[in-house]
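You will see chain A twice below: alongside chain B first, and alongside chain C after that.
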Partner chain A sequence: MRKGQYRFVAGFLFAPVAIYVTFVIWPYIQTFGYSLTDWKGQSQTFNFVGLDNYTALFQDDVFMGAIWHNILFLIFIPVSTILIALFFAFMLNAGGRSRSGGVSGVAGSKYYRVVYFFPQVLSLAIMAVLFGAVYRSDGGGMLNGLLIKLGLVSETSPVEWLNEPNIVLWALLVVVVWHGVGFYLVLFSAAMQSIPRDIYEAALIDGAGRAQSFFRITLPLLWDSVQTAWVYLGIAAMDMFILVSTMTSGDFGGGPDHHSEVMATVMMRNFQLYGRSGYACAMGVVMLVLTLIVSVFTLRATRRERIEF
Partner chain B sequence: MSAPLKETPAASGTVPAQSSVRKNPVRPGDQRSEGVVLNVFSHGFLALWALLIVLPLLWLVLSSFKTDAQIGGSAFGWPQNWSLDVFSRAWEKGIGDYFLNTVIVLVFSVPLTMLFGSMAAYVLARYEFWGNRFLYFFFVAGAMFPVFLALVPLFFMVRRLDMLNTYQGLILVYVAYSMPFTVFFMHSFFRTLPTAVFEAAILDGASHSRTFFQVMLPMAKPGLLSVGIFNTLGQWNQFILPTVLMQPQSGDDPERYVLTQGLIQLQQQQGYASDLPVLFAGVTIAMIPMLIVYLSFQRQVQAGLTSATLK
Partner chain C sequence: MGSTSAQNPENDGSTAGVGRRDLIKRSAALGLISVPTMSFLSACASGGGDDNGNDSEGETSKSNPFGVKDGSKLDVVIFKGGYGDDYAKAWEASFKKKWGVTSVHTGTQEITGKLQPRFNAGNPPDIVDDSGAQQIPIDVLYKNGQLVDLAEVLDAPSVDDPAKKVRDTLIPGTLDAGMQGGKVVALNYIYTVWGLWYSGKLFKEKGWTAPKTWDEFLTICKEAKADGIGGLAHQGKYPYYINVAIMDLIAKTGGLDAMKAIDNLEPNAFVGSEAATAAVEAIYEVVEKGYLMPGTNGLTHTESQTRWNQYKAAFITSGSWLENEQLKTTPDDFDMKFLPMPLLPDSKLPFEAIRAGSGEPFIIPSKAKNLAGAKEFMRMMLSKEWSTLFAKEANSLTILKDGVDSGVQLRPGTQSTVEASKAAGTNTFRYLYTEWYSEMGTAIENASNELMAKRIQPKEWLKRAQAAVDKQAKDPESKKNHRD
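Showing the complex of A and B:
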């Protein structure tokens, strides 16, 4: 390699690497170090306390509850989003009137796709305001208003969607699913369209019905996308910070009485409200470990032989 | 938003025509009736979900034309206060500033992200040198870690640089956190570009950086567009980073909230001030640019976001 080339390579890499190391890599590394200290953030001095933060963490009922809620989200967000998205993607791509015996998409599928995808471009902050209004705890909320109109809920005691310990998590789950279905639907339907039509036609000649062709052909050929979707939704379920912190009661959310707490909200409260930086760092490390476990586990558990077509 | 719900006459017209021309050779009656039932069934469900998407959004927009008492009263009263006054009130209550702040940050952060991201990706994809693989994984690995892992030290790092609650601080942080994905995507894109053009440019005496800016970068336009849309949406909707980094640091430090942060702020204020129409008007204002961008680049947005995931 010529000398000028080295200079060029180094010159091009310098700024990107410098910014990336300063704001991403170095803080990542520091977190591990700080998680072993009793650093309060404001003071410059701190002591090495070993694994004390971690042992404290596992006795912290609020944080353990938060982990449990994240696990619930981890199970139900991917399952419901993927099922609904798969259902609609199949409807869009194969639910049409059969022409010449083949499988076809419904009329106007393009327009459905445009509408379904739209929530995805809106920020979660907008979701929080929108669903805050939908879930209002009096007749002015969309959901309560509707239920009162239908006579399912009495006007005097509407459901407090975000203040009912047993409901709040599910109310939040609905927001995530509502927001995410369109995205995964588009993802799946792009994958479905890349499946060659002759496979379907061959199955049809062999006498396969629609249900059979879905489970025997579409789903196996879509498996890669489903797997990707699962990992992404899993990562989203480990986060949940925006919705919980803005829609539920309490500083950084988590209410009522910690029933909707997730790891991120506990961490942010400890960091910004209580100033317990070292402790918050330990929570960050736990979040990382759990996220990595989830990704690896999902990839392992859903591994199938890859089908080339 | 109601137009897309209607079936186009053209599309629905062609379907029966085709099926009547080409008769189904195998079990004609059976197949067709199954198809029709399924078609009605799927249209029913699809339309239902479309309504579930559109109605809440429409309801929120309409609510900005209601009075506060009306909002608290019944969810389905028809708005009575048809004046655009509420929007200018929302704009003055801060939405205007939040909007401007977001635009200022993104005007710098998105082009910088694209520039630095493709520079690094290009060098890593096209030149062999010691440590190339390592550097590539080093960049890409950042995408694996949750941002919460870095949050605490990041805050103190930015504070030490004296950049808390400044535009430049947030811009640099946005650029840094968009790096893994941008490098990853552009790296695979530069790999697919033909080598011949590159060699021709070098043979003609173009310098390496000139080859990059005048030959390779223009060729990478489709990739740049996808990643650009992805980064714009991602940075526009970012919430956690500005929440930590863009808080006024002292009494006379002005608020420089970005839009997402500002909306939440407004939500908390208006809850007490009982001026909910202003909040809903604010959300409507925040949705409009997204709606416009989405409808005009609909295909690219969908392709950009989904292909990004699949890589």
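Showing the complex of A and C:
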């Protein structure tokens, strides 16, 4: 490296790093500081309480339940979104009947590609309203209306989708997956298109079926994209605040009876409604540590040998 | 992902071993860390500062008890919800005319979002209508020492009759809801009654009369069910509403003592209380016999209230904001009517007794820049002129006794609440635990949600409600709140 280049690079980095430290790192440190106090959130008076907030946190059934719900989302959101997106992407790009001259998508694949992307264009707030109508708990809801017409559910006792402890989490999961599939479909499609066709054609000549060419060729060559998708979906799974707080019952959502609670909703309720802001900051710190662990783990666990082509 | 960078060896020195894909992955990982916590953290970051410049104080006199200074500015923040904020603009115009004080007006629904940073930075507005779903809880503000004790305003001479104190021109008991630690720190301005509501038209058609006892209530529910509609509707997504019915029944059955036992966090507030047991069992009977409007447990307030407007249920629980809230969906001939909670056998309070009181808390922050202006503004809110302005613009009553000029025509629902208040006389009651202990209130609401969904039985509900009370009683802060 030429002389002076470091200084040149550092000059460019100074502003972004300063902004990053001021608006990201410093608040983290402040939060940790507040998490050791009994701060009530509406003024700058508080006492130092040591690790009391943290000991209380691990005896808080609501928060511990919320952690489990986040972990559940963390497993099922990426798995189901990626599997469905991969399947659709494969069908759109290489799933068509083999005609003379090579590999192509199913009929109408260009049309589907656009349609699948629609949900991604909607904001989460609109999604919440939309699915509020789908899951509505009386005959006016889309699902209930359908089930009542089909005679599967009686009109006097419709399914209260978001008010059933055993259904609510899955109902939310469907919304996230529905929203995400389109985006990852496009991501995987783009990656698939850059896989050289001759590899598929060679496989075809050797007599490989669709399943074989998917598992032996497509998936290994897409691994980098899948890994990125996993990390991004991890973000959605650790957060979930908007959907849970708008779609489920209770202040900041989480109902019925804490069965759909996630860490962010418990934190906001304690922070704003109960005025236990120091305690909420402790939750924030725990969230930070957990997300750190998750991201490191994700990147480690999915590390594979890279195939160059 | 055949990228060009993959074709060069990555360790040629200039890229220091960071390939493009790695960079994407790392930034994604960073995003994973920061996104969920970011918005929260920015709320945590505090400003300091605490300046108390008192340059807005003028001379005091008999007609200007707080010393409002001509030409000063007043920072007014109004919750722009069901009542809008036109009434406040009308007040501000009148205030400017009288005192020459210009108001900086903010009408918003995001009270917490806009004001929490300002409270923390020691730079709050002068007067705030701290209401709505995103209100800053009064108990939290009080514990942080952010509120002015309003005694000075309440003991000042009334605008309409200087011989009287402001406090004596108000409907008795309406100041209670704004009490924290024995002081009035919030002025709950709007007079509200809570109970059941029905459609006069539907009842006429079906030949029903308004029930006075719980048995009559159940009979109507039964007939409604036979006619294919629901008996009782409630706003299930917000269990606050069904708690109105449960708590009203407890107070009417067990009298004021049963209510105070709950507010004062007594060890037998729920478990071992005959009134509470009878009330919860009565509500559960409605659930068990299938008299609830189908699906009502999962509906939002607008969804269930609209269903009720469509004659899909005989009764609904709510407070008197209901009529204003449903203006657009109520049919013209609906004839909305208020009904006090029907009585269980051996009730201590008469049928006419209602939960009544004040809502929509107005507060003056202790670090307000123009304290004199804010206090005078509040004193003028409690004048007949401003109270009438409010009734005209927002379609509701205020806590000022006879506060509306007789010329103002009221809607049928509001008119029926006026009649109910008259019939009730001094037989009104009002729980305070919801203002004092937000955490306990939430826990009881959760239990009620489970009860309505038949996931728990009345016994379990009592246990859970008592557990919430006992937990709150352990908090040393709760010793400061007590009512006799």
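Quick notes on this one:
The rule we apply is simple: the second predicted complex is superposed on the first by the 282 of 309 C-alpha atoms of A that agree within 3 Å, B and C clash if a C-alpha of one lies under 4 Å from a C-alpha of the other, contacts with A are read in each partner's own complex, and residues count from 1 in each chain.
Here, contacts are C-beta pairs under 8 Å (C-beta built on N, C-alpha and C of every residue); 3 or more make two chains touch, one makes a residue touch a chain.
Computed from a predicted structure; not experimentally measured.
Overlap between chain B and chain C is detected when the two structures are superposed via chain A.
Contacts of A:258 after superposition: chain C is touched, whereas chain B is not reached. In the superposed model, A:146 makes contact with chain B only, not with chain C. Look at A:119: by the touch rule set out above, it reaches chain B but stays clear of chain C.
In the superposition on chain A, contact of A:158 is made with chain C only, not with chain B.
Looking at the shared chain after the overlay, A:300 reaches neither chain B nor chain C. The larger set of touched chain A residues comes from B, when the choice is between chain B and chain C. Using the contact criterion defined above for the overlaid structures, shared-chain residue A:34 touches chain B and also reaches chain C.
Among 2-10, 110-118 or 146-154, the region of chain B with C-alpha atoms clashing against chain C is 146-154. 1, 23-24, 26-28, 30-31, 34, 41, 132, 136, 138-141, 144, 225, 228, 232, 235, 238-239, 241, 263-264, 267-268, 271-272, 277, 280-281, 284, 287-288, 291-292, 295 are the residues of chain A that lie in the contact sets of both chain B and chain C, per the superposition on chain A. Those residues of chain B that touch chain A in the shared complex are 1, 4-8, 11-12, 15-16, 18-19, 22, 24-26, 31-32, 34-36, 38-39, 41-43, 45-46, 49-50, 52-54, 56-57, 59-60, 63, 71-76, 116-117, 119-120, 122-123, 127-129, 135, 138-139, 142, 144-146, 148-158, 172-173, 175-177, 179-180, 183, 207-209, 212, 233, 236-237, 239-240, 244, 259-261, 263-264, 267, 276, 279-280, 283, 286-287, 290-291, 293-295, 298, 301-302, 305-306, 309-310. Within the complex, the chain A residues that touch chain C are 1, 23-24, 26-28, 30-31, 34, 40-45, 132, 135-141, 144, 155-158, 160-165, 191, 194-196, 222, 224-225, 227-228, 231-232, 234-235, 238-239, 241, 249-251, 255-258, 263-264, 267-269, 271-275, 277, 280-281, 284, 287-288, 291-292, 294-296, 298-299, 306, 308-309. Chain A meets chain B in the complex at residues 1, 4-6, 8-9, 11-13, 15-17, 19-20, 22-28, 30-31, 34, 41, 87-88, 91-92, 95-101, 106-108, 111-126, 128-134, 136, 138-142, 144-146, 149, 178, 181-183, 186-187, 190, 205, 209-210, 225, 228-229, 232, 235, 238-239, 241-242, 246, 263-264, 267-268, 271-272, 277, 280-281, 283-285, 287-288, 291-292, 295. The residues of chain C lying in touch with chain A in their complex are 1-2, 6-7, 13-14, 21, 24-25, 28-29, 31-38, 40-46, 48, 50, 112, 116, 119-120, 122, 133-134, 136-137, 139-141, 143-146, 236-239, 290, 293-300, 303, 307, 438-439, 442, 445-447, 449-450, 453, 455.
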